[in-house]
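Chain naming follows the written order as A, B and C, and within any one chain the residues start at number 1.
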Amino acid sequence: MNRLSFGWTLPAYSVLLYAFLYLPIVVIVLFAFDAKAIPGLPIDAFTTDWFSASLGDTRLVGSLLTSIRLALMAAVLSTALAMPAAMVLAWRPVRMKSLVLCLVLGPVVLPQLVLGLGLVVLFRAAPDLIGAPAIVLAHTTMTSSYATLMLYSRFLGFRRSYIEAAMNLGADEFTTFREVVLPLVAPSLIAVLLLAFTDAFGEFVVAWFLAGFTETLPIAIWTSLRQVISPKIYALSALVILVTLFVSVSAQVWILGQSRRECES
Amino acid sequence: MSAAHDIPRRRPLLRAALPAAGLLPLVLWQIVFFVVPVALIFGVSVWRTQSYRLIPAFTFDNYIAIFARPAIWRALLLSVETAAFVTVACAVLAFPVAYFIAKKAGRWRGLLLVAVIAPFWISIVMRVAAWRLLLGERGVINQVAMTLGLTDAPMSFLLYSPVSTAIGLIYAYLPLYVLPLYAAISNIHDNWIEAALDLNASPARTFFEVILPLSAPGLVVGAVFCFVFGLGEFVTPALLGGGKQLMFSQVIQDEFQRRLDWPSGAAMAVVLLVLVFAALALSMKWIRRASGETGL
Amino acid sequence: MTERSPNAVELRAVSKVYGASAAVRDVSMEIARGAFVTILGPSGCGKSTLLRMISGFVTPSSGDVLIDGVSVLGAAPYERDTAMVFQDYALFPHRTVAQNLAFGLRMRRIAKDEIARRVEAMLELVNLRGFGDRRVSQMSGGQAQRVALGRALIVRPAVLLLDEPLGALDLKLRKQMQAELKTIHRDLGLTFVAVTHDQEEALTLSDRIAVMNGGALEQFDTPENLYRRPATRFVADFVGNANLFDARIGGGGRVAADSLPLTLDLSAAQRGGRGEGTRVALVVRPETIAVGAAAPAHHDCRVEARVDEIMFSGAVQQITGHLPDGTRLTAHQSAALPAPERGATAIFSWPGQSVWLVDG
């Protein structure tokens, strides 16, 4: 610890900032219990009716299930694309590596709006794909960038001697992968899957452009935000937010613990 | 035969092909679904429309046309201003927290860092919906302010204005700024800060001459992300900004989807891309120069 | 196969070139079956590259590698009958000690009960009985070293490769493991090839040592020959301590040192067939030098030098001195002998027959 101490100001400020970050979340969860039809302060009566109402709303639940299904596909696809590529990038000499990295990371900095519109133009050539397939393809493009980046850094930190030891003892490339690489990177792989799922699940702009008649949860919420908002939306959002927080926090804590263990060994 | 040859041999050709096979699917995917769409935007931006039909051509008329419309100029300016303001605000807001997590949080730093980033993973639409509850005329902030007697009438500028857009964007990108700042600040050795204080530098001078320059890489990386994302963000201005003062992204979307003038919308998208690219190139140049100076 | 090659490993003029620089240059070596060979050299001398060529992780740019008399150039690491003990041990962290030991046997599709039997025997051999179910993260440095050794030994490889095997251990543990390694080598009769930068370790462990420098093989010989009859100036200097004096071979086998007031009569064996006029360096080991007021009778090489420093280190005292022209001398002599006075002039002397010549 250094002597440059700010007394109580730094912790106090940090508490305020965390409050700012979690205020909207608290408000949504709070209003999900508000008995009034149009939520607002003060909250006089609490109810859990909105939760059952939202889960009974077939359209809303349908969009939730659509989102889960599509995000699951995008997460699996992007991880499947990212993992072999990250391994090659981290472990093998690759010609024009910086070009490949630019290609892989481009979707991160590209405004989603522009990617979405570009895909709209592209899918004019294949109008049958508009809807669920186009959304999965687009989300895979976006999440595979993050996935590749995260797995790339994991594989960079992977001890090469584990692989050499396995091969030296008679394991071929595929056996080495199955017996040594996969079990050791499995936690990172799961974390990447979870984060890719979360990202694809919540993405709105690109999905909206390519949706056709498909309705994901963010699209359903967007549509309802343009009308009078039913508290059902807040109830469902509250549920989704809590699950999202749980998933993303546990995925990241997992990665953190993993890297810490790697440092110790 | 010795034991070695009990192990089956695999063709060396397959072994040599493995790296390419690993990389190829992702590269092909990104070419089809990332490079081609961006190229298409560039392509369409020099086409023409005639009665809502696209006609291949090579004309810069779309570019000339958009710069002839003052509404588009205003939107572009508002977007750049807002993104710049959001970037500065995020830097100022994020710095103390990043410093706190990096230097003062002890064993809690991992959890605190995760807690900063966690809201980022919640769907943007839900986060923006929450801000509507907070900022509306009958929203939480106005209700509380009126109950406390801070204001008589609800503050109407809070929602459907550039202010609300800025608040929404700051909220959205603050986590993105804390992350690189945290990384930069944790790289500053406590010894260096100690040394400055031992040499009788005041805390303020220590901050400006030691801590701030050494966290510059984090500041720059965070600024780039904040600015680039803020510039192109669509959901936040669309839901919080109202329909009076449009941001550039809203104009582009409007041009594409409502007016169905793809060439004109594509030309605007290209302008946005050029701005994004310029911001990236500038920061890359700075980072390269800075890392060249320190020899890292 | 009709006749088994007597050599476990044979390197034929192997080189490895990375871009413009050569990590290994034209190295040839025959390693007899059952030998304990150490490749010794400073860091960056190419010794690890050589080891990795044998294991198959590095493909030579030219030359040939033979294991058991068969070229393995096209064979992947898992197709070669070698097993390696890694510098960082590389024990699989997601496996127990027993599972680590069993790995190589599983890859060779050996029956389960046979694997269990051999794992138990190996735990016994490396003094880890009862540790089979431990996680490798629970092992101490010395224990992890034994697991790594056992994991490689259990497959009974044609060649066991050891990459700085004791480098991560502290001095006391290292001494103990050296003795164990030597015992295991003798008991199992396997071929061991180790890489180290620690010359003392190399001298203690090996039957033969390959000294490498700058990618080239300087000398491949027994420890004793390496020490007594170094082939090059580098070997003389790197293995043990040496006083090196530039000299020239004169007429009649006489050798005149440039900076010593000495002319030596050397035998033809000592001259190694070098002709008149050849530039050479005299190698005088410090322990052959006596320092005192007078020289022992059989010490026919004598110089007078001023004593600079006397360093006492237990059984031996190291005495450094210099001649009037600045040439420095180092002597090691028993601490039981009287030490000369610092700053005084003393006679440094040694027998001429203990002198060795290397090319200057």
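The working rule: a residue touches a chain if its C-beta (ideal position, glycine included) is under 8 Å from a C-beta of that chain, and two chains touch if they have at least 3 such contacts.
A quick note: this is a predicted structure, and the numbers were derived from the prediction, not measured.
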Key: Pair with more cross-chain C-beta pairs in contact, given A-C and A-B   = A-B
Query = Relative to subunit B, which chain has the most distant C-alpha mean position?
reply = C
Query = How many angstrom between the C-alpha centroids of subunit C and subunit A?
reply = 55
Task = Just give me the whole-number Å value for how far the CA centre of subunit A lies from that of subunit B.
result = 16
Remark   = In subunit C, the residues touching two or more other chains are 76, 78, 107-108, 155
Task = For subunit A, write out the residues touching at least two other chains, lowest number first.
result = 170, 172
Message = Counting only residues that touch at least two other chains, what does the list for subunit B look like?
response = 7, 10, 15
Request  = Going by the contact rule at the top, pick out the subunit C residues touching subunit A in the complex.
outcome  = 55-57, 76-78, 82-84, 86-88, 90-94, 103-104, 107-108, 137, 151-152, 155
Note = The answer for subunit A against subunit C in the complex is residues 159, 161-162, 164-172, 175-176, 179-180, 183-184, 264-265
Ask   = So in the complex, which bits of subunit B are touching subunit A?
value = 7, 10, 15, 18-19, 21-23, 25-27, 29-31, 33-38, 40-41, 44, 93, 96-97, 99-101, 103-104, 110-112, 114-119, 121-134, 138-140, 143-144, 147, 171, 174-175, 190, 193-194, 197, 203, 206-207, 211, 225, 228-229, 231-235, 239, 249, 252-253, 256-257, 262, 265-266, 269, 272-273, 276, 280
Key: subunit A - residues contacting subunit B, complex   = 1-4, 10-11, 13-14, 17-18, 20-25, 27-28, 31, 39-42, 81-82, 84-85, 87-89, 92, 94, 100, 103-104, 106-107, 109-115, 117-122, 137-138, 140-141, 144, 148, 170, 172-173, 195, 198-199, 201-205, 209, 217-218, 221-222, 225, 229, 233-234, 237, 240-241, 244-245, 247-249, 252-253, 256, 260
